[in-house]
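Structure incoming, see below.
Here the chain labels run A, B, C and D in written order, and each chain numbers its own residues starting at 1.
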Amino acid sequence: MTPPDLRIDSLGTCQFVSPLAADDSPGATVFVDDSHSILLDDVVVQGERIEDRPALELAGPRPRLFFDPALTTLGIVTCGGLCPGLNDVIRGIVMTAWHRYGVRRILGFPYGYRGCTPQCEPIALTPERVADIHEQGGTMLASSRGQQDVAVMAAHLASLGVDVLCVIGGDGTLRGAQALGEATRAAGHPIAVVGIPKTIDNDIEFIDQSFGFETAFSAAMHAIRCAHNEARGAPNGIGLVKLMGRHSGFIACHASLATSHVNFTLIPEVPFDLDGEHGLLAALKRRLDARQHAVIVVAEGAGQSLLKNAGAARDASGNIRLGDIGTFLADRINAHFAANGWEATLKYIDPSYIIRSVPANPADSVFCWRLATNAVHAGMCGKTQLVIGQWHGRFVHVPIAAAIARRKQVDPQGDLWRNVLESTGQPRLSQCTAH
Amino acid sequence: MTPPDLRIDSLGTCQFVSPLAADDSPGATVFVDDSHSILLDDVVVQGERIEDRPALELAGPRPRLFFDPALTTLGIVTCGGLCPGLNDVIRGIVMTAWHRYGVRRILGFPYGYRGCTPQCEPIALTPERVADIHEQGGTMLASSRGQQDVAVMAAHLASLGVDVLCVIGGDGTLRGAQALGEATRAAGHPIAVVGIPKTIDNDIEFIDQSFGFETAFSAAMHAIRCAHNEARGAPNGIGLVKLMGRHSGFIACHASLATSHVNFTLIPEVPFDLDGEHGLLAALKRRLDARQHAVIVVAEGAGQSLLKNAGAARDASGNIRLGDIGTFLADRINAHFAANGWEATLKYIDPSYIIRSVPANPADSVFCWRLATNAVHAGMCGKTQLVIGQWHGRFVHVPIAAAIARRKQVDPQGDLWRNVLESTGQPRLSQCTAH
Amino acid sequence: MTPPDLRIDSLGTCQFVSPLAADDSPGATVFVDDSHSILLDDVVVQGERIEDRPALELAGPRPRLFFDPALTTLGIVTCGGLCPGLNDVIRGIVMTAWHRYGVRRILGFPYGYRGCTPQCEPIALTPERVADIHEQGGTMLASSRGQQDVAVMAAHLASLGVDVLCVIGGDGTLRGAQALGEATRAAGHPIAVVGIPKTIDNDIEFIDQSFGFETAFSAAMHAIRCAHNEARGAPNGIGLVKLMGRHSGFIACHASLATSHVNFTLIPEVPFDLDGEHGLLAALKRRLDARQHAVIVVAEGAGQSLLKNAGAARDASGNIRLGDIGTFLADRINAHFAANGWEATLKYIDPSYIIRSVPANPADSVFCWRLATNAVHAGMCGKTQLVIGQWHGRFVHVPIAAAIARRKQVDPQGDLWRNVLESTGQPRLSQCTAH
Amino acid sequence: MTPPDLRIDSLGTCQFVSPLAADDSPGATVFVDDSHSILLDDVVVQGERIEDRPALELAGPRPRLFFDPALTTLGIVTCGGLCPGLNDVIRGIVMTAWHRYGVRRILGFPYGYRGCTPQCEPIALTPERVADIHEQGGTMLASSRGQQDVAVMAAHLASLGVDVLCVIGGDGTLRGAQALGEATRAAGHPIAVVGIPKTIDNDIEFIDQSFGFETAFSAAMHAIRCAHNEARGAPNGIGLVKLMGRHSGFIACHASLATSHVNFTLIPEVPFDLDGEHGLLAALKRRLDARQHAVIVVAEGAGQSLLKNAGAARDASGNIRLGDIGTFLADRINAHFAANGWEATLKYIDPSYIIRSVPANPADSVFCWRLATNAVHAGMCGKTQLVIGQWHGRFVHVPIAAAIARRKQVDPQGDLWRNVLESTGQPRLSQCTAH
């Protein structure tokens, strides 16, 4: 694979001294040097030369700023579906900009990109206003799906004097952020556009893990535990849980590993057959004969090739509407057992909204705070069209273009999937090899 | 209303001295006197005479037993759907029978009444076997729906030498227990049949509250909180939550009161209109215009008159199959808003299985323990065809016939419903009066 | 016992029509009739006459009010230590007074009774201000211990025009409320003083259960579970947990019943010996020899006779300072095992503040809402010097004098203590009989 | 710093074909190549050559084994204090060894190293025996502190035929494991000794994060939230929470970041003064004057220089007994405020055992499973005297000698501490620079 271009864009020369320099407490004074970066791939094969490998710029405060904090207007917008931690990120941005840099004009744009147009009034954000929002799930700014006209947004943000825009959203949102950053430059009012990638599916590249992902699979685990109790509570009980994961099965894999209870984990990256000796239905029958109960976890994007008409329609955000693999599987399993005169009691659980809207767990709260402070640091230096990520444990800058170039997926040859197979003990469910 | 017959049936004279009498620690030696009972209705109207009012027999240990503990076989069976606390009750029965009375043959019948037939092997239960089961949801004995032939069960239980049968189940199950008790007597092998009423809907009469109910509405509250977060997170967001409650809206009422977030609570006891000036759709529109988001909680048995074809079919337990008011409301609301060109974002949550299968919360664990010990006390005295209930804070014996004679419902003129209206602020949603 | 005087005091004739009458929705229009009351004792002994028994007035809205809602000023104060549910009660009072009665001047007095003096500014409370406070533990009004001069408070409240004062506090606080109500009458500015009894120990008479109690014992259960894990994790491990309960062991009893893990429950109502064949130390040794681990739960007021110098000092609220039975037991157990050369690993847990400051659980949230609405209903009718309680499942008015006349305790002859003994299996630990 | 020696020791040539090779499902067949490793430091400075940097061997299954699985005896021992996840690790080892390799003799040694001597009987572990243990905190094997004679252990393990010993413990335990591995070789019965580092303080080098750490700081967060509620609930309320962290402040830092409520975080790595203009007492007074409440989090190893007599004694494991900084601070703060006649209400919370004994959270459960499987993979290849770690997101082998060479600490110049300062807003509390 050609290495991605990982150079970070910037609005120009940083002419302002950072107010963080004035603070002499330990930690705060250690500015990050732009000449340091993190190796994208740190696996060494004996004898190999590695100094030309691509590397990611470190995130963190710099000694000189592009914007004068006293005159800076910072905007925040949250787009797309709910994800645990949105309020933590908003809160962290406001607190850092206000307390650390002295920024006093912070605008929250309600209802996603719609809030960046004249349709909505922005909300003035202060430390007091955001102090407790992270105790709640959801986003205090609300969100919406769908795109807005980039030129309209650029003009509106210019009229409001926005200098830094923190955009919290998924790949579609980040694509829009990229276009918006370019449009503001073209229009002569350059805005530093800093993304914080929001993907509950954890499917964005160059990001160890996305915020809210851990909270999500933890919440999913409770649904699996319930499915297990239901399965054990009835003759030949089958608990079937559909989890998030449109193109990537990370939530399904982690939630399966977090319990001991899953017997079949089905993810988009690994095709499976329903019928035939190696298919799911036969394997499920063998499991029930042996143990009288079974738990199946299926990611929403798994097994799409089994569904007719899948992939035809798109939603307001332009995402492909997936066929519903959960109800499809439930129907096919019930029909298969009924047709053969075998008893089975299937309980189907689809906990989607109950997962998306919970507050961040403590680990995600810590993570969101750290993402948020680094977003402010980047924006104040005029760095633009980047996202804040964590790579190998360090916070880094990733160009939006690189982050959205391709989707992160579970590697069917990697150790995560191996661990899932070790945990479920499931056999290969397909004649074909993993794609 | 004619007062119900509250006399408790018994297998006969108690000729064995209770082993509890030997224990001289405080509390254990205070036996209950059968001549004491609890007033069914303790509201006094000034000047009224009350000594003829019906009263419930107190539960608890008696000094003399009908069965010789050393020779007693005690059986346990759990029937119907899952409910938080089933394992607590099983555990409490085993612990009390074993440690307090010295009963050594305790049989668990798997898969509900099916386990009381020769189809299944009973499971030998010991304190060690049940020590930690209450940490898990579900039932270690598993359950099933549907009836079994009473004569077959009576003969099978006789062949196993069962003396006391603790039956944990709902009204259908209790009806079966009643028949089973009579059949065993008729067959000359009388079994003391003691019920512990299991109804997640809290709809059994003469029982302050059923076990698992509090855990259920607490779990339901989390779904409502999620619905609220989703509703606030989108333009004109509507969170719609369907909760258990086939004929009685107790879960919907308590879950609504437990949060501040519900704007409309819909229960079977209070009819509502969809259309018209006073209907739900118009009221919902007014709410959204005023506050831009709304949360609706609907009990599964609410609004059945709005559904065509409702009430036709029955499930394996003989329960009427309800029409799905949740998806019906979701469809109607979406259609109504779309037809009028109004924006709205409805998220529908149906958390049923996630509620039924959680472990009991601490309060329900305490309650289950106390129900269980009293069930053993009753059975050892040969009392039969009764359920253990809690009435005005005291544990009592209720004849099965009285307990299942009619269903407990939310009183639309009572203070619980008044409290719900005070909390939601919802208007009257119907032209007709509450039934 | 002489029956307590249960007549409810009132400021005078109710001349205003209740605004609740205008509302025609089900439930709200059912006013409570003062001639109805609840039997204090509803146990019937066969043949007994009962119409002269003491009865408690029902709580709830009345058709006529003493105060004109449009002109009413309602005050709220929280006193003493934290208890789960304080914010729920504050919120429920504000919501009911504002939305149901149309009261527009609601004052929160900060820092307990200190806030009822000129030392502090009252806080204007509105629905918006209190909307989310119940998600947090503690009290938004803050609290303090200690008394204030009643005349000073009466004059200050008069100067603020307070008509109804809702006082949330324990027995000392209620005693002060009684005095305050009398003082305002004597001074010609009668205030309706309505108490909501706050006692995490659940030790107030004529109240089925106090708010926060269930949350407290549920939180305590987690500490016990931890103690159990520690005890099982070490050779001859002993987990010792000190719980709240100055004079009444309800928390210790319920928390013990909620787990299966407690082997010794020690409460103030049941004396125990340390030494001797029947003492705790010998019983503990036998338990360890048999099972290699043990869990002990001790209420803070248990075993005070064992402590020298106990009962001498008093805190700012006038409560007797108890000797610390927890560290005393830990020291004595360690010394006893060391002196005999027996191995033991004792872990001592004192979770007090972690319990007091958690948010109310869902059941307590429901309960707090219902207490709060009834407090407003009582106050608007000019009823005074009463507390809102729940008796046998119904909300009632209890004169403050009756509520604080004596302390509710665990009955060593009752079924709660019997259930604890059945659960722990602990032997009698004393030569003397229970007091 | 001289780079550590990261070569992994091994018992010898692997002559057995791995049974994993027979499995053709995706993932399982991708064996790890010993010539691949992970860069210890992956920060690149522009133009630098990096191929000689130290690198860590990747963990995972190899195609050839040292031990014949059918004849292998695998032992497990847990040492030292409790830590969330111990049961998850035990369970993962048993499941992987049994189901993936076909090992049938798995021995659990009770009570730590004591169980590796003839004093205790080992426990036969099977999948059924460990199926549900991870639902509970603690360790099913129990643990103990203190060392045992290495020669005695080596002889006893040899007599039992142990081939692979999985040791779960902290640095003292790992030092013992190192000695034990060497002794078994010297005695001609070489055992593959594989460590899983257990440190709730997260203070072991070359490990991104230790298992249980995340659960621990999450549990600690709840104590902080309680402290915050107590602090806000009283006049000039101060909540003081002592957390684990003998030499490293990771738990204090993460728990502080996870809430918004902490105003002062005190860790061993950053000295602080009590007195003087820049000291904690003065800063605390300024905070209370400004905001009327404050929350302080102190790691148990912080501020030891302030304590007289600290560092003199040692516990059974040889750890230095720390002076109690928590009660010391509480006393000094109370005395300081009292001496100046300032009101303050300090609540002190020490949640230690309540944190150590909780079950692993879902993320730690996943992590423990993955550590456990990799431990088995390493042991079956005869690799020895290593620990399983996760480095930059990948599972690796670290020589025990390297892992315990020095302690991991919070870098006062690093971004974690900077984030804490950004969150608390605390000033520098010392004249001296951080050590």
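The definition used in the following text is that a residue touches a chain if its C-beta (ideal position, glycine included) is under 8 Å from a C-beta of that chain, and two chains touch if they have at least 3 such contacts.
Predicted model only: the values in this text are computed from it and were never measured.
Engineer: Which other chains touch chain A while also touching chain D?
Structural biologist: Touches both chain A and chain D: B, C.
Engineer: Can you tell me which chain lies farthest from chain C, using the average of the Cα atoms as each chain's centre?
Structural biologist: A
Engineer: Rounded to a whole Å, what is the gap between the Cα centroids of chain A and chain B?
Structural biologist: Here chain A and chain B have centroids separated by 41 Å.
Engineer: I'd like to verify one number: the distance from the centre of chain B to the centre of chain D, where each centre is the average of its C-alpha atoms, in whole angstrom.
Structural biologist: 46
Engineer: Indicate the whole-number Å distance between the mean C-alpha point of chain B and the mean C-alpha point of chain C.
Structural biologist: The answer is 28 Å.
Engineer: Can you pull out the residues of chain B that are in contact with at least two other chains?
Structural biologist: Within chain B, the residues that touch at least two other chains are 132, 136.
Engineer: Which residues of chain B touch chain D in their complex?
Structural biologist: 132, 135-136
Engineer: What residues on chain A touch chain B, complex-wise?
Structural biologist: Against chain B, the touching part of chain A is residues 82, 111, 114, 136-139, 142-144, 222-223, 225-230, 232-235, 237, 345, 347-351, 353-354, 356-358.
Engineer: What does chain B use to touch chain C in their complex?
Structural biologist: 24-28, 30, 35-39, 42-51, 53, 55, 58, 60-61, 91, 95-96, 99-100, 131-132, 134, 208, 214, 217-218, 221, 254-255, 257-260, 270, 361-363, 365-366, 369-370, 373, 392-395, 412-415, 417-423, 425-428, 433-434
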